[in-house]
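Below is one structure. I have some questions about it.
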């Protein structure tokens, strides 16, 4: 039985100058589902995350959240309505401590059950809570982005390239954690280069190329798909 | 009247474009807004006035001296200050404040050294006969100043496009990181451009008594604002943009002086506000900054 | 120093309350012991202006070279309230405040700019205001370049008290903002506006709020100043050196704290009084050198010496 999608993206177009970063991409995600978004560099994955989170305004198409068009919502309103994200290049408030970073999001946008301490524990940052964010390494700063996003209690979490720089042990742990979020009926869209990590997370991936989705299904099937291998291998 | 305003506007515009050139170069290469720019222009003006009154040296000769002297001063100033700023937490803001401090120091030293009274040069030293054009006559000093300005803008263009240092400077304007990564001498080039930028400001200062009327310690910040407006109109970091910005500024001021003279002081400020709000990347700017 | 805002307001309640109380006491008693009331009044005015600059620069990073525009427009609002609308002094103050807020709203698109663009454009905006107010074409409203005379409403005691009240309230405002989530949100916006939005902070509205508060403070200072002076010209109340001094005092003491601008005003305005009136160029030289040295060696101002040692600085 198909549930109502939490988010549907319909025929989104985003151009920069003459370049079509997104060229009519369409996808949707349901509560409790993890959607992997893969594709070569420049295929538009991060641009799509930026459109959904409100950093970019699309030049065409619709973004529906709980069935409503959110085109006119500024980012902070999306955050308060339960959409949040991490950044490929982490963006913590560097002069604040780890805990203060999370507290801020909790104060201004919380709506879920997770507390500041929960978010810190969940991401394993609790021991560093009182350190200034600028003293964290890059992977830890990405986890801090995640903790900050979790502190608002999101219903839709957009994860942009979390795996880079993490070891196999940590990857395994993070994959488990993200799946446990989905078990609490959170919807996740995970942009990832690390296909092994995606494989641990979900069966459903969308492969993007040149601003469009070219394949939807499991990674195993994707590997057998002619179009996908053409894009990845250039054959 | 219209012809007069436009021709005089072009003569003044070329000069003001030249006056803004150094600010533009330094910003382009170092991302530093030299708030003391106008004060270096004023210092150049004092140099011309003193050279003329003490030694009857024609300002055209003083131009060379001004460039050499201020190139050396700025080159020496670069190393203890700029690298320290670029490494700091907020280089753009801190450099703005530092150069604001420098502008106050220069203004104070001007008053201590030369007094508060405006100083000027007789226009006649550049030729007493006016220049006749399309039935109107213009001061020969304006014409010569505009020609010298054009020559210097041309020389700067050749420097940027046909020398190794100019090539490095343009590469740094494009991307500092990539210029450094490809082994270009970023620090030395920046120091030289800093010297050239301030040298050019002083040169424009030598000519300034003819165009602004007098040399006065208190005009520095106003000149910096005009230069900033010109540079922003033409696009920050684009040397040719200074010429376009200067022309827009010169012609607008002259038209306002002719038709709405009591509002003409507003011109540089209004032009700046309109351009930053409507098109922050300037008339020649490519693309827009992302939020 | 930044942990948990609300608790800070409480845990440092003593030292936080001490500062406004000290200011209140000092400026209530100062006229009894020091005969030159003009100096005391001007020092207060600069303290308030420095706090107004501080609110904007210290918390959001926007450096308003044109801050004097709000001061000047406040003074002219006061003048118009008295001369044109025949209002009593205190009611005319509100006209000055209103003018400043309206101008701030009109100029709020400037907040889209950052760094040098904002700093210089705000200067341009204040020059535009000056040229409009001083324009002979507006003589019937502003009396153009000939200035305002409010002698029939001159009441030095009331305007003095008004300035004390404004100083105390402004200082309280800065302390409250510093120690509440609102202030933390401002710091977050300064560090990373995109992340701040994702943390649920309405960046544009928060910035605009501070901008308007800062304009209101500048406008009220100008209005009270104009009232106290009772005769002034556009060139007096739009003098760029008013902005410059307020900025220098803030930078010297240290932005982002309540005490920095006060400290800066006391020390540097004191110095200005000692040497700046007879030999302004030497005063200018000194503060020019101070700015350069501060940027190179102590960008957080004097109070950062205490903050480095981990002390709470209100």
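To keep things simple, chains are lettered A, B and C as they appear, and every chain counts its residues starting from 1.
Criterion: a contact is a pair of C-beta atoms (placed from the backbone, for glycine too) under 8 Å apart; a residue touches a chain by one contact, two chains touch by 3 or more.
Every value quoted in this text rests on a predicted model; they were computed, and no experiment measured them.
Asker: By Cα centroids, which chain is closest to the centre of the whole protein?
Answerer: C
Asker: Which chain has its C-alpha centroid farthest away from the centroid of subunit C?
Answerer: With centres defined by C-alpha atoms, farthest from subunit C sits A.
Asker: Between subunit B and subunit C, what is the separation of their C-alpha centroids in Å?
Answerer: 32
Asker: Express in whole angstrom the distance between the two chain centres, defined as the mean CA positions of subunit A and subunit C.
Answerer: 43
Asker: Taking each chain's centre as the mean of its CA atoms, how far is subunit A from subunit B in angstrom?
Answerer: The mean C-alpha positions of subunit A and subunit B differ by 48 Å.
Asker: Please set out, as single numbers or ranges, the residues of subunit B touching at least two other chains.
Answerer: Answer for subunit B, listing residues that touch two or more other chains: 291.
Asker: Send over the residues of subunit A in touch with two or more other chains.
Answerer: 55
Asker: Mind pulling the residue numbers of subunit C that touch at least two other chains?
Answerer: 194 - these are the residues of subunit C that touch more than one other chain.
Asker: For the complex, give me every residue of subunit C touching subunit A.
Answerer: Against subunit A, the touching part of subunit C is residues 2-4, 181, 184-185, 187-188, 191-192, 194-204.
Asker: In the complex of these two chains, what residues of subunit B are touching subunit C?
Answerer: 33, 81, 84-85, 88-90, 92-98, 100-109, 111-112, 221, 225, 228-229, 232, 262-263, 265-266, 268-270, 272-273, 276-277, 280, 291
Asker: Which bits of subunit A are touching subunit C when the two form their complex?
Answerer: 53-55, 74-76, 79-80, 84-85, 87, 91-97, 99-100, 103-105, 107-109, 130, 145, 148-149, 152
Asker: Can you list the residues on subunit C that touch subunit B in the complex?
Answerer: Those in contact with subunit B are residues 61, 63, 109-110, 112-113, 115-117, 119-121, 123-125, 127-128, 131-132, 135-137, 193-194, 240, 244, 251, 280-282, 284-285, 287-292, 294-296, 299.
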